[in-house]
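For clarity, chains are labelled A, B and C in written order, and residue numbers in each chain start from 1.
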Amino acid sequence: MPREAEPSLNERAFVVQALQEGLRLDGRAFDQFRGLDLKFGDHYGVADVTLGKTRVLANVSAEVTAPYIDRPFDGIFTITTELSPMASPAFEVNRPTETEVLLSRLLEKTVRRSNALDTESLCLIAGQKCWSIRVDLHVLSHDGNLIDGSCLAVVAALRHFRRPDTSIEGETLTVYTPAEREPVPLSWLHSPFCITFSFYGEEGEIMLLDATLLEEQLRVSSCIISLNKHGEICQIAKLGGTPVEAVSLIQCASAALTKGKELSTLLDQKLAEDSKRRDKGGLLAELSAENER
Amino acid sequence: MPITILQPAPVPVFNDTRNDHASASDSDSDEGGVDLEGDISMMRPSKRARRTEDDSIVTPGEVITEDPQWMRGHGTYTTRQAPAIVSSVAGTLAKTNRLLSVRPLRARYTPEIGDLVVGRIVEVQAKRWRVDVGASLLAQLPLSAINLPGGIQRRRTETDELQIRTFFSEGELLVAEVQQLYGDGGAVLHTRSLKYGKLRNGVFVAVSGTGGGGGVVRARRQAFTLDLGGASADDAEKIDVVLGVNGYIWISKHVEGEGAAAETSGPGINRVEESVGLNVYSSQNDDIPMSTMREIARVRGVIEALVEHGLRVDEDMVARAYHEAVEMARGDGDGEDTLYLGGERGRRLAQALVGR
Amino acid sequence: MPLDTSTYDLALLRVDGRRWNELRRLDGQIRTQAAADGSSYLEMGNTKVMCVVSGPSEDKRRGQTSASTATGSNAADVAVSVVVAGFSSVDRKKRGRGDKRIQELQTTISKALASNLHTHLYPRSTISISLNVLSQDGSLLAALINASTLALIDAGIPMTDYLVACTAGSTSSYAANDDRADPLVDLNNQEEQELPFLTMATLGATDKVAVLVCESRVQVSRLEGMMAAAADACKGVRDFLDQVIREKGHKMVTEGTIEKGASMAIEIDA
């Protein structure tokens, strides 16, 4: 199994000492993100997040299927992650690495278990037909902080996505093509964001946001906090590593809240820009069959 | 809000009885056990674990001393800010002059130079064997550290390397001595003595290693011949026992001029050539009479009973326990062929030994 | 709703009759498996787990365990495998080995223990820990961590301090009636289903957090109270584990299995 090349001892000592003196390799402040860019594709439901040299692409698709027998009133919502050798030689196809398992578990907990998407709204005919929403996440380039980037991409793609409109008359279910009726957005409840903190030093006293790959390899432990702009924590994951004082974890949570709000504003703004771009003749409001709730 | 967390509720009484059943074989000290529990609850550690006066057990994270005059040994570490020596294992404190160390209640075997060990070959490499001796790393046995058949003294040639499996191959047992240690704790063995070499004609028993749980202790003699002295039915047989310091034990039929006996009565190093027979690397067992087999099995039972009841395993103890076991078998009227030493019989055996 | 909020407000008693700061009954044993290097059995209420430690020993099939820490440096690997028995919960569910939730548990335990154990003393070797879940009733991760700590101490592997874990929940998840919400410790399965909770593992009696896992929605402001409650509960668990070890040690000393320890008391305290 090819493994990510380990940083040499010298690099290790250099980076850690620089951090102790308050310097990061790329000159950022400890709580500063790298350049974050979010682009939407031509189709609905494609989001491309670039975070420094890390690049993640999320693609949402929908189809009509039968719901699970034990949950007849819920639609199906899955997130699949793919870390291909394209991103790093350490990743292999069909052999999930630890990184991939943790990433998919994290997205699962952050987005799916926190009920960000209202799965009940995906039900068409109870027990017979429902929408199956599938998010495919592709990591195109890996330079650290995959988790924050991936989570943003998934949330952005889902909020950008429009599913075909449907109507039910008696027993017949009609799915309209985009030409017939304007597609409708998913019923979205809240937008969670992941913020990863990396800890350095003997006791984990140095705390970094948005670590690069090198910094990630050198950290002594990490803590991932997912929350939405209302200050609701969806998930915390500090999975082992050097123990960190409880107080600094609480500081992390409040720092994460600030950062989460920033990301939320950015996403709202990008979504607004995109809809303006699509809404050429200002006809969208008329085309939509959906009423304001 | 001030936070107070109540202590977890004490284990109800019914549990104690069940524990007694589970560890029914745990020797006789029933009253002792109850007393003990009383003691413990009284000296429950305070918030920050501190040494309590009458407590001889230290546990991980417990500050042993903050006095800078002590040096830290095995089983301890020092803290950075407030210089203190803290225990890293659960065990008893040992002081050697100014050196503080903690002997763990139980641990894997850590090799020391001169230890007599019994090992099992797990890997054969070009010029060496890799031997499992129950330590954290496999031990090495270089081709140059064994006696050649016939006791010839010469350099090891390529021919020897090609024939390495004719000496020892995977899965075979041997008795050897630790000759050298590497920095990481790995051991290098040698078998260049008549008392060392391949083991055959017997059975293997593994008991948990040194450090407690009733292991083998380092003693003056680790390999000895058990003289059954007519204690057994008809013939005065002899049985060789090799107690490896690593907790691996070999019990075998006594062969004159081979094995443990050579230690005392064997020839000097100058006569090695004559006495290292050509069959030392044979993997074939000799013919073992039924009665010897039975006594070997009895010794094995004795050792397992000793371990189960947390008693020392050394020459004196094994010999005494063996004779005791024979007596017991005779006294019970089940006939001397009864080898079973588990459960109630094992407890009686242990009791008899401790009581003496 | 199992935890009727109105009842709780009136009597301040939980479903199983505990107060907010009470742990469930703990029962622990070490050296349950004679053949293993270290073993333990732990009950936290109705959550029952067994742990067997083998090693440190040289691993011939190195690099195959996905849960190992893969440090590549000169320290022992900590390989953890968790097996959840099919009969451990009410509904008999079959979980494959590839279950991501289990894998996450394994990684968490392995990483948390690796930072606590003095693995640098055992280069090129592997400490393998296998955990068996016999019965589940909440606080699973906490019970697994506590059981592994016990078994590792039994195996005599040096560590910095006990790694102890406990869960803490909060009686309300939403911003409304903010000041009324109490933290709860050591949740059982019913409470875990209903309430937001987190699992926290601390290093001994300190406030250093090795593991913090939260999988439910909860207000940020609630976090501090829950963590404080969990930290104090961890201290209670540590005292209990310490007692288990001491009892065993005392028994061994009185039976003469191990030599009596030298006493520091006279020289140091005098």
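In the analysis below, contacts are C-beta pairs under 8 Å (C-beta built on N, C-alpha and C of every residue); 3 or more make two chains touch, one makes a residue touch a chain.
The structure displayed is predicted, hence computed values, not measured ones.
Taken as a graph of touching chains, this assembly forms an open line, each chain in contact only with its neighbours along the path. Annotation: B-C is the more contact-rich of the chain pairs B-C and A-C, by number of C-beta pairs in contact.
With centres defined as mean CA coordinates, chain B is found 56 Å away from chain A. With centres set at the average Cα position, the gap from chain A to chain C is 30 Å. Counting partner chains per residue, chain C has residues 203, 228 touching two or more of them. Taken together, the chain C residues at the contact with chain B in this complex read 19, 21-27, 29, 31, 34, 37-38, 55-58, 60, 74, 76, 118, 121-125, 153-162, 185, 203-205, 225, 228-229, 232-233, 235-237, 239-240, 242-243, 245-265, 268-269. Chain B contributes residues 1, 3-9, 11-12, 15, 19, 26-27, 29, 32-33, 36-37, 39-41, 44-45, 47-49, 51, 53-61, 64-65, 67, 75, 77, 86, 88-95, 103-108, 122-123, 135-138, 184-185, 208, 211-214, 308, 310-311, 354 to its touches with chain C in the complex. The touching residues of chain A, when paired with chain C in their complex, are 1, 3, 6, 97-98, 101-102, 104-105, 108-109, 113-115, 203, 220-221, 223, 227, 230-247, 249-250, 253-254, 257.
On chain C, the positions that touch chain A within their shared complex are 63, 66-67, 70, 72, 100-101, 103-104, 107-116, 175, 198, 202-203, 206-221, 223-224, 227-228, 231.
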